[in-house]
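What follows is chain A paired twice: with chain B in the first complex and chain C in the second.
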Partner chain A sequence: MSVAQPPDRSLSGRIRAAWGIVALPLLSILLALIVGALVMILSAPIAGKPVDLGLPLTAYGALFQGSVGNFDAIIGTLRTTAPLLLAGLGIGLGFKAGLFNIGAQGQFLIGGIASIAFAQLVHDMDPLIAIPFALLGGILGGALWAFIPGVLKATRGAHEVVTTIMMNYIALSTLSYLASGPLKLPLSPQPVTAGVGNAALPILLGRDGHLGILIAFLVVPLVWFLLYRTTRGFEIRAVGANPDAARYAGMKPRRLIILTMSIAGGLAGLAGAGNILGVNHQMSASFSTTVGFDAITVALLGRSNPVGIVFASLLLGAMRAGAPLMQIEAGVPVELVDVVQAIILLFLVANAVLRRFFRLRGVSANLGTTETMTATYGSEAIR
Partner chain B sequence: MTTSPPAAASPPTADPPPSSVPALEMRGITKRYPGVIANDHIDLDLRRGEIHALLGENGAGKTTLMNVLYGLATPDEGEILLDGKVVDIGGPSDAIARGISMVHQHFMLVPVLSVAENIVLGLETMANRVFLDLGEARRRIRDLAARFGFDIDPDAKVASLSVGQQQRVEILKALYREARILVLDEPTAVLTPQETEEIFVLLRRLAENGRSIVFISHKLYEVLEIADRITVIRRGRVVGERAPKETSEDELAELMVGREVQLTVDRGVSDPGAVTLEVDALRVTDDRGHPAVREVSLQVRAGEILGIAGVAGNGQDELVEAIVGLRSVAGGRVTLKGKDITGASPRHIHDSQVAYVPADRHRFGLILSFPITDNLVLNRYCDAPFARGIIRNDEAVLAEAKDNIAEYDIRTPSATAPVATLSGGNQQKLVVAREFDRDLALLVLDQPTRGLDVGSIEFIHRQVIAKRNAGTAVLLVSAELDEVLEMSDRISVMYRGELVATVDGRTADKNEVGLLMATGGKAKPDAEWTQPIDRGATT
Partner chain C sequence: MDQLINGLYGIPVAGLIFQAVGYIVDQLPFLSHAAVAISIPIIFAALCGVVCERSGVVNIGLEGIMLTAAFVGWVVGVVATQFLGHGDPTPLFGFTLPLIIALVSAVAAGMLLSLLHAWLAISVRADQIISGTIINIIALGLTGYLISLISQSSPKGAGSFTPLAIPQNVANLPVVGWLINAVFNQGPIAISAIVLTVVLQILLFRSRWGLRTRSVGEHPKAAETVGIDVVKLRYRNVVAGGALAALGGAYLSMELTNSFQPGMTQGRGFIGLAAMIVGRWTPLGAFGAAVLFGSAQAISSSITFAPPTGSLGDFMNQVPPQLFDALPYLVTIIILAGLIGRSTPPAADGQPYSREAAT
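So, the complex of A and B:
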């Protein structure tokens, strides 16, 4: 029933418009931190500790110190941010096309293992050849992993939420097979892959600021350009906003679904490759990460906008990077970060409740991203 | 819509106030939105037993006013009086509790539920804590139906009812909720002339029983026929109040638009040339695989308008969608200027100088969240000059948008405003601008003026005539019989997937065509027909 308003060009109108975009994410973060504080205070007695009302301040202070308190901490934040940023860009791109890709986790893992496989082919070549080749392997691996759900949706109408979850499990098993079989480090007692040799990313900054961080941030303008400056990006956004109108306009939703999924997977695969080539340098059969799922929160928090995703990934990256110091200094387990992150997601998805509770009238009826989550179309897309 | 049961709904059976006090009075209602005054000190009063018509262009403020009445919008100024007492209406459930009911243009019915179930939805009578007492509801519904002369089976599934019957269910729902004031938003938009007559009889009976009715419509002749009083709103203000006896369609149109309006566009003389579109024994199925178009053959010549009359849902949408490539063809052939275009892609057909104005502009014609600029090039975005290679050229798009906005009189504060901010008439003008703004061989129009006001209709009709005079073949589908009669050089009637008759557009008789629309000229309706009835998805 809301009456759409014409844009207001005055300064106050612009501030209102900007507030309309950032209000919900900011409010969600703030509320999640408050809930996190309550969890800390209330859970202390369970652990047999006295109730300490100052604990949240100590803990969040340590979290802050650990993430941006000094040069090394900042580099650490950037290092955890890079994969979140890349995978988040991929998921955000999917949202723009009306696709809810939950498969970034699998695409990340396959991207990682593929980069190792490619790296082993060229491990003794010049880094100028080995690095791009291994990164390309990661992109292709991730793209392939998302291409399959894309094709299934485009040809059979299979919903990507279901198929990408399945692909996540297949990725886990594939990783475990490759790490204990074909790619296993010879003679090692553990199921772990061999190293990446000359494909390892060079450290550019500080102790561990590797090339992959730079690459991740360089991809941001590329995705932005694709979405907002190219005809293909226009098609992707059109299909996401109204697949029927896109078909009417002569676009090909099926092909666009496959293409968008593949690009999204490629980005998640690049995230995996960057992390493996820059940080881990090998993968064990039980390699575990939460990047693929955290990236969903990143994309939602950034409202699928490449610039928004930069800020969202920095926030989540900082929390991840600062959590160990929080555990050391305040005795609050690192898992608190998961709690806060999950609550951010809850508030974002339940935005109608927030809007009503805080009387955020006019604040973004255009939260297209969560609409994609709740109303993605299946077979209707390929009529 | 969620309506909590109006628990406090003391059925308004207490002493009826003296009939000199209006049932409803809205005084000085003002509602401002940033940059727009939707309602500017509107006064409206509704007597008991009166049918009061509310006329106005799209965006004139009728909907806002009714939203204020229904508690969906809070007025910035003004007050609402029911039976002479000032009330504060907090929301739809509050409005219903006070005896105000709204029948929306898009029916709010659950197709898989029965008539009785739909009617009690929201204020179910419980037999005990767990089970519904539908028996009591059925009894009350039968009583009401008998009292007002409805012919309806409380146990019929809503999905099996015709549009006219569904509308009666909506009205019955309002009566079941003890409504004394009924607001009907364009109730006739989806009805045949015969169904319209029936609903009018019913409305008169309700008014005689003391119910007050606000009747919103764009159709001037209907308003003149049914209303006791007519209030005209333009740009948020009341610009006139008339009794039907002392006014005319021309005067009402002028009041609405603010200038003289030609209600019937002079279609002039057509000069048909060579056959442009030829459809031969076309068969098309609907989304569920049931036949929707059965062996339809037609020809449209350059410089002529072929009108397809028919009640919505008789296969017209499927026919045009198949012609423009949006729907696959089950059999038959479509030829454009001698070239076979059966099953060609929408883009190929678009590039063959075919324009298409879809029936549902929200579904097919526009991307509401996108700016006007992008929508104006929605199907030309990859052509020069709007793109260089794969890079879009925003300057060219903006320049084109500014041209189109000026030429087609699209009223908007800015070329980059989202289309959702435009009124329905301006949205349709946008679609027309995009589709008409090039040389065309064939123009396919599906319900081009549905839900539009007289000013916008006049504008679009003029554009269509101009295209025809420039030698374009025009296929015009409309459920609006008057539109088909006014515009077409030839008229074919579509009934249950077939073209049952073709008549000359200049000599066609309205009643004859109306009867063909309703019955197909057959004594017995066709039992195999399973099409759902189109409820008109666009306003």
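So, the complex of A and C:
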């Protein structure tokens, strides 16, 4: 442990401090893109194509073109960014409290279907009433889906990594049941829900820049304020750093765990609601998404910090938005984005090796307060 | 007798329960076999968890290790068949050269991936749950990417292992015959799961390796002072655990089916971890819990294939079928929440070990 030094206020000091924060993520992204290029080149023969050294340039060019190449593409990127941002904020909040919420996927789906259920109750009312009501439904749905693992963790000690994954699968069944049963569009041959009526989010910008994008970015300062400027936020961070110490200081780790999980689920639920009310307007029984797992990458890459999560979600959002064009123009499957994502994470976690290899000094490796996560694994209920 | 049964079935509410019991007894020959078949990957996952966590390394990447092994087993089978042809399967278990090469490759791939986890968890001393999650994301991404490239040419698989044939007159014996049929009318990977469970139970509690593993998982510092190489032992256990999880994955793509679908493990690795916790970190306990989870799924698939009749059938028709899909996951959560307080993990579980650090 080095002795804490007063912050260097000079310009070069600030640049060095900023570099210390962004060096590792940037290096990880760059190396992951290089590994992704190698994967592309080496895997071409599998599909019966010749090895083409120019393929990565074509593919990444198309990825770039498809994500930020023109106005519509940029709006498209923002559209895919919004749910990643919200769900990533939720997972990051969990990390701060020492919780690993892998359940954003299920919370997103339940948030989406709950917003449809709520929207159908008020579908012919004024949008000023219908929209907040449907969004609230999404928040409540997601919060409920995370509240259950939260309670099980706090009172029974069931680790959230296992329970939230199980909740993801249960969410799939629940969605399938609701979309082919109670919420089904009458007379439709396919199991798909009815629309959202007046709760559909208005388009503010371009072809599909809906209100949900704005809401997602407005939530960022709220989460930042909660974490760093409120007593509750301090308690959340304290529990994450050391639950025992937090308890001795008079905080209530059990309640904080349930609260944090519920807020995280509410954020993921809002992500689902925003996406359904703004983009899809209905859900089929087999609705699928990658938001839940992308959001884990977002939270880790953004180091659980709301500002970092904004940049990380923009990167992942751009990759998701540009991937279809990459598949069309370069014949590289959209799943390449998953590979690149995984490699980014790998380099981030193996940061000690990167730092030694690239001789980065004074670069912090801290991935947020993730150390207590494994410590509470399989343990008895938190007192 | 029949009149008595019909009378019992007629009672409101309780009659439904009698009918449910009757249905399960009726279906037992099918149910017991399906329960074992469904449990096998969960058993392997749980055994992997036991071997890793008894030495103090949490491995939630086993879901990804299983998926990778399932993928590699299937793909290598395809390639080997192209070069070597199908060959004549042996009468016992249907071994062919491509299938054996595929199985060995699947296990090697699983060991390689768990070596990555071991390196991150033991040498880099990264958070083990994050490291495991990354293994899962890598496996999901890479297999998803490669399968979408490969399936463009719709290749032909290497087939699958065949179950041991039980003579019909033995299999039809009430109870004993069903049990023999359930356990032994299975392929080679499934039977090895049952054998390995017993072997590991004995090794863990009766051998030098077992004692060392348990001591490293409980108190690595003390183990080090009596001359046990903590790092080496943990590496060995995690890689060996990877081989076990890989067998579970290979079972999915080479024995239960002969195909690969993206994400085909469907959370079985995590259910295996829950089985390990419920089974109190012992191979036999984990086996029992895994079979319990498998039975929940077997009942739901039995209801799909042979729907119950009578008033029980009418009642079942009102239950949405999605509830049965969700049943294994619900059962996992409920059992985990109900039993976890009474089982204690190894004391050093999940803690990176450093020789220098003060404890």
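FYI, the second predicted complex is superposed on the first by the 350 of 383 C-alpha atoms of A that agree within 3 Å, B and C clash if a C-alpha of one lies under 4 Å from a C-alpha of the other, contacts with A are read in each partner's own complex, and residues count from 1 in each chain.
To be clear about the criterion, contacts are C-beta pairs under 8 Å (C-beta built on N, C-alpha and C of every residue); 3 or more make two chains touch, one makes a residue touch a chain.
All values derive from a computational prediction rather than experimental measurement.
In the superposition on chain A, contact is made by A:169 with chain C only, not with chain B. Considering which of chain B and chain C touches more of chain A, the answer is C. When both complexes are overlaid on chain A, the residue A:296 reaches chain C alone and has no touch with chain B. When the two structures are aligned on the shared chain, A:218 is found in touch with neither chain B nor chain C.
Once the two complexes are overlaid on the shared chain, A:241 sits against chain B while remaining clear of chain C.
Contacts of A:157 after superposition: chain C is touched, whereas chain B is not reached. Contacts of A:346 after superposition: chain C is touched, whereas chain B is not reached.
When the shared chain is aligned, no partner comes close enough to touch A:11: not chain B, not chain C.
Contact with neither chain B nor chain C is seen for A:128 once the two complexes are overlaid on the shared chain.
When the two structures are aligned on the shared chain, A:187 is found in touch with neither chain B nor chain C. Residues common to the contacts of chain A with chain B and with chain C across the two structures: none. Chain contact summary for the complex, chain A toward chain C: residues 39, 43, 46-48, 100, 102, 152, 156-158, 161-163, 165-170, 172-174, 176-177, 181, 293, 296-297, 300, 333, 335-339, 341-343, 345-346, 349-350, 352-353, 367, 370-371, 373-375, 377-381.
Contact residues of chain A toward chain B in the complex are 1, 3-9, 13, 229-232, 234, 237-238, 241-242, 244-250, 366, 368, 383.
Chain C contributes residues 53, 58, 60, 120, 124-131, 133-134, 137-138, 140-142, 144-146, 148-150, 152-153, 266-267, 270-271, 273-274, 277, 320, 322-323, 325-326, 329-330, 332-333, 336-338, 340-341, 343-345, 349-351 to its touches with chain A in the complex. Against chain A, the residues of chain B that register as touching in their complex are 33-36, 38, 64, 67, 72-73, 287, 326, 345-347, 350, 356, 358, 363-370, 374, 378-379, 381-382, 387, 390-392, 412-414, 416-418, 420-421.
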